[in-house]
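This report concerns only the one structure given below.
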């Protein structure tokens, strides 16, 4: 198996606070991994570092063998890493379809003359873009909602749009920040199915941050646990569930207990 | 009355904005003239109406107004403007439509130097005015260095630069020629002046700015002379400059009405009609409108009592000879400048605005327009010779 | 009330001392540091320039000129700077709470300066101006101007901004411009009708103490300081301290800050949001008014058009300091005032440039600063949390 | 007996979106009542309508028999309704202490404020340690504590809690529900909105199920937990 | 829920009939003809002329918007608009060239509003110095053609008016380059910080234009460049004007200035048509979508692969280039270019046009430009003229028996045009906050914003912050 994302000794400080502290993570290609940890552990910050929104203070990040240090977010996106946000950040006034079309920006040939002259090449591209956007919407289960203004859709649907928009740039890896937050169990189960299909059908590596243990334990092959910016554990779901440090800092006794039964039910799905 | 043929005369000047005091004076002066001097036309069966426009001291508005008023065939002449920057583009429109303009206030040389047949003025020119000021400054005891300041407008900068170059020729040291758009707090302008310590400060600009400047410069410790162009000439200057303004010298091409013996009646009528003293250019606007009315009457006579064409009016205005106005006697040269313009040098005597008319006349002379000078002497040195 | 400290308990001597430190000594110290800092930096710059261009014009030795001008430039920079700072506060407060540029604030400032004139004029007309105690007179003028401008700002918010809350950000900007046009011409009309003139000169002729400059002997020569310059600086310092206390030390100030961070939630806490917004406008407006009155006293003559330039400058100052930040407005105002004074003083000696380029250079400095500190000098440099 | 809080046929709109379509709901003194439902069902909107952030176009909200429909949020708060909004919404640039003080906006007596603050610190000792820290720099769990504590400062008679466990680490979720029980035991009535229906029904006495803007089901918590549909959809069982 | 009662009132019948395309088309034609006839037959000497022209002229100028909104079919719309632009308006211009002048001014502002709309409306960048690019265009042309430019004049570098069309293109290029040069350093700034920097830039350009008469005289400083060149009138146009005048039996007015004005008019609508096409094509393209995305959420946009600075630069340069082209036209039309025409107030009024019309929409920007320019240059002016005319005939207002002549001069309406303009701006914003012709998308945003949005604290969205904690210091 090849390592698609190789993060070593990554550190990010905010003033006196070290939000991410010497974190080393390797993500295997075509895997589904999770990053968990208490609130404020630095999970989202790690995503922000990877996608160029923050600049790391030290450490290296190799994506597909290429360093991500110093890249702007749009360059990271062009390099094949896409993301969603913890608090939904759609373009609220644009339609669902337009949102997804914007996601393709880094894959398009943007030429001012061609745009102004409406060259045949431009028109073909536009047609393809629309087609692909509708395909993606169908893929995430939003067929037929393309013309609605995105802010008017319910929360769960907005999460799906975000995923479709991230998928639009043909990424090799997708980062999902609490994609099922605020969903009820039925909805989360459906979302888990979607994540699996992203990996299985599109061949995209999935990394997600989640607090819902049913989702985390049910879907990920590999889990990394952060606490106070540091990696405190990593391994398979079974390892993590049993790790006393993780139980102490994050899971709590009850959650560690209950999830076990529920996950077994889940796996049969 | 309804069947009377209507003739309209328009005015263009800033009626709103910081310069509206002067602009309103032009408007009012013209209105008074039309009320009082249209007798000959009324007798011929015409009804003369007055149409004031606000050019907002802005070229675009002036041009838009100009385009509007050229389309009213009843309008046969324009009295205006105040600002040369507005007058120049607007007069292009007048000229394209043969509409005559008589300016009571535009001293910029480019107004008439373009040689347009429809553009005239009854005031003097900045080149002569600047030179006259410089010659006077050079003659002052103890003045060796001057600091020239202007308001960066076409008018202020124009006259200030003529002053500066003439001062240099007259042997004065010109320490600096500087522009400022400041209108209230001149601290920053004053500091380097104090450090350079000129004997005289010349301010090319209008009194709302220069009055405050002089007030503040004195308070900051400047002890030399102040001097300026006709833009200083308003009783409000005394109010704004206060005690600091006393002793200030200024040149003018449009002396205050009180300066002219013939204007006494005008002042009285003006006060009666508008409830205030005539501000600068009111009397000149009165005369400008008077010239226009006389020309229209002449052209109408030539047209056999019919309303004259604009071309005829323009030609009649340009042909004006020895028009006897309240501010002087006017004959136009071929460029539309008055052949002889009066230039006066005065000194502020009191900080009381009511005493403005008692400002002392230090010198007065008539200088020919450049064209007239050439005509007269046959040589090309349109140099004003102050102290005739 | 000494509710600024989180500890719960009786008011002790120690807490009083702490209060004095926090709300009086510290702000004064801060202003002092800003003023001295700006002066030192700019003085070094001036001498650096003199080293680079010893004789920018024939017969002019720049070092000598700088020596002569230095005290004057600094004093003028401080006075202008404090006025800018006080106006900038109005922009910053409103921006902080409603997130839009209150373009009408320059006219609120103008109204303050006109009201200051009216107060003095009326006293003068009644003939008792010379009998007023200087301190009381200045306080009266400032207070009336503050009250008037503050209420005006509240009224403007009520009429022209509140109905637009929730509209796109640019919409209130346009109604602010409308208000601005309206106020200028309204004041002009009012003055033209009542006084037949709108160049309004503060009647200081009878006030000997206000007209006699103080001569300070500094270095080679003497510098004349106008008493009004003292008044401006003193008045500004006092009002700025009061504002600092109000925003940071009182319950109402806390309410304003809460509203500025999250209006909806502030409402849930029992805060009457509209009242807080009105209060913000009142405070911001009254500072504009006070600045107007001080400005008027300092320059002597005001017009309905007097607000435009200081308004733009103060807005620039607010951005320079970091808009939304109260201390930033102070620093920005002082910095801009000082930079202008020095540019005005030095550009004169460079023949191809001159003072006409002061604004060009001042704006270039602003752009430079913003390139390196995109949120302004003191703006919180938040990497946006996503 | 009049209910402490009662919604009668409430319809609420956002622009053209019809979010609540005739909600009827009642909460009696001393109860914990929970409101469950999927995304966009209108749970938050119900709470927002009660506290006056959203406005009922049709229908009425009564507090102890008094009609509070259409009152402004600050007026509703003054009547004893506390609302912990979705997503915590603490004031990020105010300190913890200032946030709590804001919570007691309508209280002027210093001694009352300090005694209430002490009570909050008893519930959340963590907050006392962070007194001078800016709210925005707290961790998610601490922010949730602060949001609840802030609402308690007004000593509301009824506390509206909107998804207090959302986005919290599992270990914190337990703690939050313990605290809800504790607050209720001290005499505060609670209307609890939760995605985590299982835990919500465990602490609540009664519950409502909201489906696309109207009440689909209402019963005791115990019965709801055994309801087939609830088990499938909201408890995640097959 | 109140459902609309389907009453069969006579009015409803009329409405249904009017919605029939044929009827609507006929009504439109009748409407335009009526406005045209009234306008071209108004007697300037008549007492109520200002009032009538204030009513009839806007009716004519606004008719394209009515045509576009009408239920007639697209080809007919095109024909109607074309007839209006190429027949009705030139005809009116021959009758009274001041209307033509007004229309050219409207076109100039419409072009500017369309350009600014790309920057502010599409990309969400608040530019308060937009007029600077207009100035760049105007000076580009004026410097090379004005006799007053001593450098080029003396060195024989002046170009002839025939170069005008090339210079329009040059104006586009120069303005775009200036836009990029300014944009590069400042476009990373957010929101209102950009506003102040662009405002400063606008002032800088003006100051530089005012002072670039020294050391080398490029701009003639405050005196302005006069005698600016004009494109030569094609003989065809001139002959048609003469022919049309003869045919229509007009007294042959000044055919030369008229054909010159007509030329400018045609160039202006040409430029505007081009700008509209460009703006529409941009809007419906990946570029336009990227701009919308940036406007709605910069962070999300860049994370989705939209290169922020490059896209913003593109918006800035596009907007600037339109202003540059219009500037060249303006310089030639005005024949006088001075710094006074490029003040901050101008930038602000263009912004006002965009917002009053409805930000983000092409129709809105055009409509705003028409309305604001009409207000400024026609309605308010005519109001003053009307009162003046009534004063001249000593009109007495019936019922209250008020002599207009007694109206004090201090209150002359001509002096208070800006006051009224200000009031109108406020009223328009309060009653139509989304603009007079809002973009559907923007209108929706507004509706929903009423549902109280959370305020997120970000760098571009700061809040009142306290002093650094003094207690700890």
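A few points about this structure:
All chains are identified by letter, namely A, B, C, D and E, in their written order; residue positions are counted from 1 within each chain.
Everything that follows uses one rule, which is that contacts are C-beta pairs under 8 Å (C-beta built on N, C-alpha and C of every residue); 3 or more make two chains touch, one makes a residue touch a chain.
Note that the structure is predicted; figures quoted are calculated from it, not measured.
Any chain touching subunit B that also touches subunit E appears here: C. Between the chains C-E lie more C-beta contact pairs than between any other two chains. Mean C-alpha position of subunit A lies 46 Å from that of subunit E.
Here the CA centre of subunit A is 31 Å from the CA centre of subunit D. Each chain gets one centre point, the mean of its Cα atoms, and the points for subunit D and subunit E are 52 Å apart. Subunit E has residues 210-211, 299, 303, 415-416, 418, 442, 444-445, 448, 450, 452, 454, 457, 463, 465-466 in contact with two or more other chains.
Multi-chain contact residues, meaning those touching two or more other chains, occur in subunit C at positions 185, 196, 257, 261-262, 264, 354, 356, 383-384, 386. Those residues of subunit A in touch with two or more other chains are numbered 53, 85-87, 89. Of all the residues in subunit C, the ones that touch subunit D in their complex are 1, 3, 6, 8, 251, 254-255, 257-258, 261-262, 264-273.
Considering their complex, residues 5, 18, 21-23, 26-27, 30, 92-93, 95-97, 99, 101, 159-160, 163-164, 166-168, 170-175, 177-186, 189, 192-193, 196, 244, 247-248, 256-257, 260-264, 312, 315-316, 319, 322-327, 351-352, 354, 356-357, 359-360, 363-364, 366-367, 370-371, 374-376, 379-386 of subunit C touch subunit E. By the touch criterion stated above, subunit D contacts subunit C in their complex at residues 51-53, 72-74, 77-78, 83, 85, 89-95, 97-98, 101-103, 105-106, 110, 114, 117-118, 131-132, 150, 154. Residues of subunit B that touch subunit C in their complex: 16-18, 20-21, 152, 176-192, 194-196, 208, 211-212, 215-216, 219-221, 236, 239-240, 242-243, 275-276, 351. Residues 44-45, 96-98, 101-102, 105, 148, 210-211, 221-224, 226-227, 254, 256-257, 334-336, 338, 340-341, 377, 381, 384-385, 388-389, 392, 409, 412, 414-418 of subunit E are the ones touching subunit B in the complex.
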